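In what comes next, chain A is part of two complexes: it sits with chain B in the first one and with chain C in the second one.
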Partner chain A sequence: MARITLDGMRHSYSPTPSGDDDYALKRLDLEWSDGGAYALLGPSGCGKSTLLNVISGLLRPSEGRILFDDEDITGLPPDRRNIAQVFQFPVIYDTMTVRENLEFPLRNRGLPSNVARQRAIEIAELLELSDILDQRAAGLTADGKQKISLGRGLVREDVAAILFDEPLTVIDPHLKWQLRSKLKELHQRVQRTMIYVTHDQTEALTFADRVVVMNDGNVVQIGTPSELFEAPHHTFVGYFIGSPGMNVMPCDVRGGQAFFAGDPIETTNANLVKEGATGLELGIRPEFVSFAEKGLEVRVVRVRDAGRSQVIDTERAGTIIRLLLLEGVEVPAETARIAFDSKRTRVYADGWLVE
Partner chain B sequence: MALELRSVSKRVGGVTHIHPTDLVLERGSFNILLGTTLAGKTTLMQLMAGLDRPSTGSVWFDGKDVTGVSVRQRNVSMVYQQFINYPNFTVYENIASPLKVAGFDRGEIDRRVNSAAELLKLKPMLQRRPSELSGGQQQRTAMARAIVKDAGLVLLDEPLANLDFKLREDLRDELPRLFADRDCIVVYATTEPVEALLFGGHTATLSEGRVTQFGPTSEIYRRPQDLVSARVFSEPLINVASVQKRGHEFALGNRARWNAVGGTENLADGDYILGIRPHHVTPTPEGAEPVAIEGVVLITELAGSESVAHVDIGEATWVSQAHGIHPHEIGETSRLYADMSRALIFDGDGGRIWP
Partner chain C sequence: MNKTENQRGWFFVLPVLLLVAFNAIIPLMTVVNYSVQETFGNNEFFWAGVIWFEDMLQSERFHNALLRQILFTGIILLIEIPLGVAVALTMPRQGPWVSVCLVLMALPLLIPFNVVGAIWNIFALPDIGLLGRGLNELGIDYNFTRQVGSAWFTIILMDVWHWTSLVVLLAYAGLVSIPEAYYQAARIDAASHWAIFRYIQLPKLKRVLTIAVLLRFMDSFNIYTEVFVLTGGGPGNATTLLSIDLDKIALGQFDLGPAAAMSLIYFLIILVFSWIFYTIMMRNEAQ
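Moving on, here comes the complex of A and B:
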């Protein structure tokens, strides 16, 4: 187990990077504490897999250092980093039994067979694989095989960290839920540093204590799931986390007051906007917009039933403003007025929260 | 004007893939096939398309028997989960290909390709090849090709499954608009209940090769005809428990008792199965008839704006899903409130009898 530190790290796939654009990972300084559950969340091409490969040692960063506790491991190959990894697709031996698969990483490291046996039984118990320990892996479903992959990642007690690369991709939604819960439970039991890469916000938010949101090679925000939801530091975080994402509306600010389409809007931070700030936008999550007696006049353009909630698109001055209301709440037809929760309405400049 | 399946079934080597199915899909409608992997969605689509011949029964299109008429002789478009495009064609040529085959003149091809590209936001990429596109753009190209020839039947087999979460959300938003003004029949297969809900239209729930129910989507969601349909159309899975009705009271083992009201008082005394969705089981009383139930917390998940807890209530494990942050400790006994005014009641065979 280890604390992981990234110190002034950058990576470019080009041998002669000239500008920022040539870097798949822009400058990163991060510290992940021992035993934490972290998620790297972002769209494809954001740099999350590059970062994972740097941590696992498959890739040597162009610049900077990576430390496990106080040891500089930047130049160490993957097999000397003491890391377990679980991939998107099952990596198991089809010809072995489930038990042999689980014991393999331990035997491979020369652990006595009675220890390996005992650990495999424990892990199988946790993952509900006990009943099929002596079956061959070949006959199992994709879900079953991926569970074994997870088990192989979790079986070693001496690892510095366990890395998960989109491990639930092949799993059916109903089972995803169970496995996600299982992983969370396992983390709580074993308290090992775990890093989970995904593009799926639900997986990231449910698994991790802290989520690292990435976009375009940058870390945009690191925070607890509720921080990311409550106070996005960038409009990208607002968009990427939450479903539907945060409303982002063009605005101007005069004398510390924000205006949208000519109407004044109360915010938490318009008074902090500096003279001459550009790219001003308002950010408010659909959860915090409601229909009201007084407020911004809008046109209701679409209502969708999402079961436990309703997604309502309203329009004003060519901008769509979404509301997320509970099941059963009445929705006005055509024209209506909406109000924003002023404690959750914020001004952003060129994408970044004005602070 | 419709697509009609009359007692269509499919058996392969003695194994039933589709049980005899009757289904009528109207022109201009958006239809969802909802079910887990291997429920029979793809097989059913192949039977609709004429890619596969039914073992029994017949397929009718616009009043004509098209059973056994191959897909080539029919005006059908398909989009698959994998992004399938011609790798050596440009995006323009990919979209134009079905029109060229159908012998349209150059002017008409140009007009249609441009209008489809406009709808799917592909205009800037028309001269690129698929390998230069992101996954989302590749799938947009496949969709543009599917809509360009104005097929009478458009089959979309989990087209968003391989896309990033957010891209999926964006395309899910746009998809119904693509077909809004068309007179075709759209069939969309998915494993995700919320996707079905957001599309609206009509939904057929599928389980083990059977269409268990078909009708307007929100009606199927709120009034599932049986427990199987309710399970298919729930995520997380609907909570279930055996309950007893005696006189004016319901009892859930010795965990909870509540008054039978709102019409349920007229049900005969006896044993029933209660079904209640996770978002109607909350840590604080909500809704018209909150009933307290105690259980031991097994797993908790916080996902930014919502809290989920898996709770052992003795007879079963229930899931509670609530807005806001409600921290639970694993292993603690916790009180939940089930809003019984939202409960579904099934008989011993799983048929819905209330509401």
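Moving on, here comes the complex of A and C:
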């Protein structure tokens, strides 16, 4: 068990990186506390798998240090770190039984066989694999195999953190939900640090206590699921999380007041905008936009049914502003007026929240 | 639903039927035809029943050739399969050396069989050949045209040189198709090199190795040209393998009946052995 600290870490796949663009991971300073459930969320290619491989020791970072508690483990190979990893595609040892698979990491580490056997039985119990302990692992379904991969991590008592690299990719949809709740439940029972990499916001938000959102090699925001939803620190977080994503509208700020298409808009932070700031945008989630008696005049462009709610696209000055209405609520035809919840309307400069 | 009743579907299988007929069924039937008849030339044939089969199965000459053949195939399989896997394991998986290695490996396979025989014949000549002369210089009495041991050593070495590459290429293809995650998981599980080989690589190579064993079995059981060019079946009959013996009977003595009977027995042996190999190696696959 350990706290994981990344200290000034950068990684480039090129041996001679010349600019920031050559880095798959751009300078990270992070701290993961012991026993937390974390998710690394980001689009494909944002560096999240690289980060995971650096933590597990499969990759050595170009710069910076990794600490487990206070011990520097940057140079240690994977088998000497107390790390387990579950991969995208289930990795099992085909010729072995489920039991042998579970005992394998312990036997390799020279544990006596009665101890290994006992641990395997306990873990099988935990993962509901007890009935099939003596079956050949190759014959199992994808979710069964993924449980074995996880089991090979859990079976080691010294494991400080279990890393998951998009572990539900090959699982059938109806089992995904089951396995996800099982993971959550397991985390609460074993209290080990778990780091879960995914590009699926539902997986990240349901699994993790804290979500690390990454984009283009940078950590954009770290927060609880509700923080990410309510107060995105970056427009990227705004539209990557939430469905549909946050509305982002170009604006300008004069004298502490934001204007969109000439109309003043009340915000939480327009007064903090510095003189000469560029790339100013307003961000507000569709959930906090509503039709109103007075407010911004818009044209209704499109109405889509999204299950229990409907997504309405309105347009003003070439910018689409989305809002959500409950199913069955009447949508005004043609022109309408909309109002923004001023406590949830924020100004962003060059993508970042103005603070 | 109405089923269309016509026979037009047959036209689709007709081409392949013709092809198989001309390249397999008709030649095989010709052999079957010869195997049950006696001829004294003049294109006159007499019914002989199964007499050639009885003769052949009781013939000591055939038994000896079959034993030599099994010994030869057994030895080269025992050498080529492990050696091929071992070489494949040492080949680089990425980088510029991959193509260099692949081309080098493929070279022996590209050489015509009789040229292989000729190369080794000259290479092994005790007076001027590099191998033959070299061994004799080292004090080893080596002469493949006179000594049974030397002759066997040479044909086995030649076959290993010629065909191990095939096993290497198949095994290499199997190895590179193993996803990286298996190796990563094994590193995290602290698996030793041996454990990685035993529990990841070998199981994943099972299918290609089955193919390799089958191909090498069939090809080596049929081997003719290289050995014929190298030793001509000698010294004496020491390296007269089945196909060389068959050739002597069919074309040397022009005994069509016995040769046809031997061909069929030969064919059945290969079929049965291949089936046995396949069944044994695939027996766990169904589970």
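Everything that follows uses one rule, which is that the second predicted complex is superposed on the first by the 350 of 355 C-alpha atoms of A that agree within 3 Å, B and C clash if a C-alpha of one lies under 4 Å from a C-alpha of the other, contacts with A are read in each partner's own complex, and residues count from 1 in each chain.
The working rule: a residue touches a chain if its C-beta (ideal position, glycine included) is under 8 Å from a C-beta of that chain, and two chains touch if they have at least 3 such contacts.
The structure displayed is predicted, hence computed values, not measured ones.
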Exercise for the section: Look at where chain B and chain C land on chain A after superposing the complexes, then choose clash or fit. Expected result: fit
Exercise for the section: Pick one for A:V329: touches chain B only (first), chain C only (second), both, or neither. Expected result: neither
Problem - First (chain B), second (chain C), both or neither touched by A:W177 - result: first
Handout entry: Partner chain(s) touched by A:S226 [first = chain B, second = chain C, both, neither]
Key = first
Fill in the blank from the handout: Check: chain B-chain A-chain C angle from CA centres, nearest 10 degrees, reads 70
Exercise for the section: In the overlay, answer first, second, both or neither for which of chain B and chain C A:V311 touches. Expected result: first
Exercise for the section: Answer with first, second, both or neither: which of chain B and chain C does A:P244 touch in the superposed model? Expected result: first
Practice task
Kindly classify A:Q188 by the partners it touches after superposition: chain B alone (first), chain C alone (second), both, or neither?
Solution key: first
Exercise for the section: Please tell me which partner, chain B or chain C, touches more residues of chain A. Expected result: B
Practice task
State whether A:I83 touches chain B only (first), chain C only (second), both chains, or neither.
Solution key: second
Handout entry: Distance of closest approach, chain C and chain B, by C-alpha atoms in Å
Key = 5
Exercise for the section: Starting from the residues of chain A touching chain B, keep only those that also touch chain C in the other complex, and list them. Expected result: none
Exercise for the section: Sort out for me which residues of chain B touch chain A in the complex. Expected result: 36-37, 134-135, 164-167, 169, 191-194, 197-198, 200, 217-218, 221, 235-237, 277, 279, 299, 301-305, 308, 310, 321, 323, 325, 330
Practice task
Provide the residue numbers of chain A that touch chain B in the complex, in ascending order.
Solution key: 43-45, 172-174, 177, 180-181, 184-185, 188, 199-202, 205-206, 225-226, 228-229, 239-245, 285, 287, 304-308, 311, 327
Problem - Residues of chain A defined as touching chain C within the complex - result: 53, 56-58, 77-79, 83-85, 87-89, 91, 93-96, 104-105, 108-109, 136, 138-139, 149, 152-153
Fill in the blank from the handout: Within the complex, chain A is touched by chain C residues 179, 181-182, 184-185, 187-192, 195, 199-200, 203-204, 287
